[in-house]
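After this come two complexes, each holding subunit A, first together with subunit B and then together with subunit C.
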Partner chain A sequence: MQILKIITKNALRHKLRTFLTILGVAIAILAFGLLRTVISAWYAGVEASSASRLVTRNSISLIFPLPLSYKDKIRQVDGVKLVSFGNWFGGIYIDEKNFFANYAVEPKGYLTLYPEITIPEDQKKAFLQDRKGAVAGRILIEKYRWKIGDIITLKGTIFPGEWDFVLRGIYRGRDKTVDESAFIFQWDYLNETLKKTTPLRADQVGWYMIGITNPNLAADVAVRIDKTFKNSLAETLTETEKAFQLGFISMTEAIIIAIKLVSFVVIFIIMVVVANTMAMTARERIGEYAVFKTLGFGGWHIARLIFGESLLISLIGCILGIVLTFPAADIFSSSLRTYFPVFNVATKTIYMDIGASVLVGSVAAVFPTWRAIKIRIADGLRRIG
Partner chain B sequence: MKIPLLYSLRNLWTRRLTTVLTASGMALVVFVFAAILMLAEGLRKTLIETGSYDNVLVIRKAAVSEVQSGVDRLQASIVETQPEVALGSEGQRLLSKELVVLITLPRRGSDKPANVVIRGIGGSSLKLRPQVKLIEGRMPRPGSSEIIAGQSIAKRFKGGGVGETLRFAMRDWTVVGVFDAGNTGFNSEIWGDVDQLMQAFRRPVYSSVIFKLRDSSELEAVKSRLEHDPRLTLDALRETKYYEKQSEMMAKFLRILGISLTLIFSIGAIIGAMITMYAAVANRTNEIGTMRALGFQRVSILTSFLMESLFLAFIGGCIGLFFASFLQLFTVSTMNWQTFSELAFSFSLTLEIISIALLFALVMGFIGGVLPAFRAARMNILDALWKS
Partner chain C sequence: MGNKTFIVEIKNLFKSYRRGNQILPVLKDINLDIDEGEFLALMGPSGSGKTTLLNLIAGIDRADSGTIIVGGIEITSLSETELAGWRAYNVGFIFQFYNLIPVLTAYENIELPLLLTSLSKKERREHVEIALRLVSLEDRMDHYPGQLSGGQQQRVAIARAIITDPTILVADEPTGDLDRDSAVEILGLMERLVHELGKTIIMVTHDPRAAKMAHIIMHLDKGVLNANPQNHY
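Here is the complex of A and B:
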């Protein structure tokens, strides 16, 4: 107990310096937490995806469609329970800046396959009955202040023209990882219009979403599906939804690596700042350490004093930083909504914050401790300032 | 009377450990700051150099990128007959009808897939893009399954080198050449004969039409004629403008990330400098008293401590820039969200970035040093001398 008292007293000797150091640690932990949250937001799509769903797309690349006729063939493959499909629409709402994901899906199968997308029963019914109907996520509705029954017009980038939709429902995510900022409408509407305007592009599907009977056999089912269409005009590539999402992320891997590196740099910067504080503190008190030694206290005792002070400072800073992370993440997520629809501070991030600050506190204390222990009593007493 | 500069410098030297720690904290901040500026500059350079000011790109109305666009043969021919299209040395029109699609290719080494742009080119494509030079092998023969690959494709993707083959669209394509397109986005593309590619991908329409203007000022005329022609549903814009738009999202992302990061980081470094300078003042209370007793003015003491802090920051800034300059050796390749395709660009250090980064370091040093310097200057002579 006695030692805790000394440590606290010591820390308060230079109030301004201690305060500044704690502030520095708090800011660094805040930055670290935010960067880590950005990384986990990147992986949000993977978190939300299920291993028991497969995605089949054209093996050349995502921009090539598959014929609608594949639906029944896929349905016949052993192990397939349910097949739905969709098209990326890529429509623009008023201005390019208002980006949100919008796609056409075959709604019945889609909503069964994705139970995490929850729509009130009456809205769901209304959506299914209206060919021009659409549902949008809670965040979108709040952002653009849409009401049910509103007519929403999107300008097609891939499918030219102005497309009118009637908002029939609002969906919410069953859990926090679900993207609540997408816009979904009936595939039939898209297809029927294409049949009239550009018949060549009709009856084409962007990707198939497949529910399987046994998640353990996902790989086998995927191979079976791809085999069915081998050497056809549109060869397929089937993978689990998780792998599909990871594929996207691996394309932007360079950015993730950069953010990870930067998040370590910030810890390093603060390590240097805390180490500096501790070095100065230890230098000023070298005479006291010599007195301790004269009185018979060992090096271990001095080490505990220095380490204790360093850890105290970094942990107080850490707690402050963690507390600040949550409001900061809120501000961040509203300005970066276009990039990261899902932006939550994960529990893992907080553990990493604490780990980082313990590391900072210990590393910062190593060098001053070494100096304090090594110095000879006579030298320590002789030194001034 | 002024305190010699050497005094500040010698002080930094005396307390080496603290100086090194504080300066390296600042160096890291300057490093991150410079790195983000260099990245943004590299991206800008790549996308701006990709387009030529005199070239006009024609894509389908409302399409945001060439990949989304479709221009059928009839419409392409109408564009071809516009009088503003420049003529080449042999009297041919400097116009090219191109196909742009994405294919997924595995990278060398990691096997991880990435989306790569395949561009079907015509006879004038190379003339429209003087930045592109063949550095190995030869051009593909029209009407054959031959392709040439951009330098960064050849280096980083399986089957991209000369003599290797790539399989897509149910055919094997032989890479017969590698081209260097300088700092431009074309380096991450694969080029082949447009008619062959259209057949193979079963796409009956072109993606875009690109032509060179006879006279750079005639854009408005040809643009309004094309956009008002009832037979056409096309948009015409300068190639430079097009490529700038393509990177808007990425550039904005870098900007937001960069500004918020440097803001937060610089607070950390300023605090570091402040701690160091406060300690420097506290340790030298006696010295300050002596100097004041010798007749040095308060202003001189203020300047001296401020100089010390600025020196510290300057050293940090130089170290940070020194390490940041090595970043130029690296190339970042990532997916551009807007086009969905692979884009490679490198860090680029300009004189402007160097001066901004150094200025930034000095500002950090100034903010960190100004309060401690005031404390030093405001000291009472007697109190300062009294304190042991």
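Here is the complex of A and C:
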């Protein structure tokens, strides 16, 4: 009881210094939390991936297509339950700055394979029945204020021309990790148009999405699929959806490493700031610690006083930082929704915040504690008066 | 001579300090016995080793050689941890600058040494209230050191020193920072501790008036203890 009282009273001795240190920790935790959330957002696709889905693409590169004819062959591979496919469309809505993911998919299989994408039944039916139909995520609908039935025109970049789509549905994510800012339309519309304009590009798909019967056999099924197309003109590379998503992320690995590094640098800086505060505090109170020791309090008691104060300051800063992280993440998310469609402060991030502040508080207290414990009582008492 | 036991027995005590490559002897072959219930004043010029001797008796400094036995325990052979535990129960400290913890009230300062005991909160309260009555500060128990005069702070320090009913009380210039009236008041209180409670006090002082209150005055000069103490009995 008394120890907590002393710790609290000690922390409040220099109110301005303590307030500024707490503020510093809060800002550092806020920055750390946001940076970790950016990293989580980067991995959102990986998080959303399922263990029971495989992705097959051209083994040379994703930009090279695969023949449509592979669909039936893949379906016949042992362990495969369902096959769908898609193409990255890369269309621009009005202006290049309005970036959002848009791709053509074989809709029936796709929606079966991705149950986390939820569309009201009537809208789903309307989408499946309309060759020019499209569905868009909730975030896109809110951003561009689209309504069901609107004609949305995308300017093709990979597939040149003006492409008109009829908005037939709005999808939402069943889970928080689902990207709600994509635009999906029927692959048949793309393919039939290509047959008329550039027939050589028709009947080609960007990747196959494969549902498997047993997630534990994913590796075997992947090997079997790739073996089927060995020595063909378009050899395949099949991997789990997670590995496929990680493949994308690995292209930007340097950025992620840089963000991680910056997040740790932020924590290191605040650690130095808190350590400096605690060093000043301990230096000022060295005489008092000597008095405590004179009265019979051992090193453990002195350590509790210093560690307690350091941890109290950093944990209050941490709580403040965590509380600020949520509105800050909302602001961040609404301004950069296009780049980070899934931007949620994860529970893991909160744990990391707490861990970081405990680390900061503990490390900052080590040197002052060591000094306070090591000083001879007679020397400490001489500092008084 | 019989086998008389003393509350403090010091034999062949040497202490020196190192300054750079130089070794400065501070106490040279000190031999001293103090009876229980004694009020001893240690006098001497600055740098004569008075405070060092007091610190050694109180177990807050280490001797180079020799033995110190307090209350039958040879404290010169105790480890740092053992010494800390020993001090908590056996020594009450009264300092020149009171050395109260500024963020704690008078009550909390006095209670501090009891936190190391197994006493319950209620028992601690009873002890603190008795000590507060003894130093006549019941009405100031919730005051912080900064809200008390020097004399009152020293009375709180005395209450803190006696709260665990220690074997000896050591006082280092207890009136050094006080005005004349407060000094008289504090010395009167210390005398009461000796006469009424049978406490043993070892006091370091420069002040001859303070020393006169003691039963015995011993002089230290250049680390050597005067062999002829002045007896005030």
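In the analysis below, the second predicted complex is superposed on the first by the 383 of 385 C-alpha atoms of A that agree within 3 Å, B and C clash if a C-alpha of one lies under 4 Å from a C-alpha of the other, contacts with A are read in each partner's own complex, and residues count from 1 in each chain.
Going forward, a residue touches a chain if its C-beta (ideal position, glycine included) is under 8 Å from a C-beta of that chain, and two chains touch if they have at least 3 such contacts.
Keep in mind it's a predicted model, so treat the numbers as computed, not measured.
> Is A:I6 touching the first partner subunit B, the second partner subunit C, both, or neither of them?
Second partner only.
> Looking at the overlay, what does A:K293 touch: subunit B (first), subunit C (second), both, or neither?
second
> After the superposition on A, what does A:R376 contact: first (subunit B), second (subunit C), both or neither?
After superposition on chain A, A:R376 lies in contact with subunit C alone.
> In the superposed model, which partner reaches more residues of subunit A, subunit B or subunit C?
Result: the larger residue contact count on subunit A belongs to B.
> Common interface residues of subunit A with subunit B and subunit C?
385
> In the complex, go through subunit A and note every residue touching subunit B.
14, 16-17, 20-21, 23-24, 27-28, 30-31, 34-35, 38, 59-64, 90, 92, 96, 99, 155-158, 160, 200, 231, 233, 235, 237, 247-248, 250-255, 258-259, 262, 265-266, 268-270, 272-273, 275-277, 279-280, 284, 332, 335-336, 338-339, 367, 385
> Touching residues of subunit C toward subunit A in the complex: what are they?
Touch residues, subunit C against subunit A: 51-52, 55, 58, 60-61, 81, 84-89, 93, 95-97, 99, 101-104, 108, 111-113, 115-116, 121, 160, 177.
> Mind listing the subunit B positions that touch subunit A in their complex?
Residue list for subunit B touching subunit A: 17-18, 21-22, 24-25, 28-29, 31-32, 60-64, 67-68, 101-104, 112-115, 168-170, 201-202, 204, 233, 249, 253, 256-257, 260-261, 264-265, 267-269, 271-272, 274-276, 278-279, 282-283, 332-335, 337, 340, 342.
> Hey, which residues of subunit A end up touching subunit C in the complex?
It is residues 1-3, 5-6, 9-10, 13, 287-288, 291-298, 376-378, 381, 384-385 of subunit A that touch subunit C.
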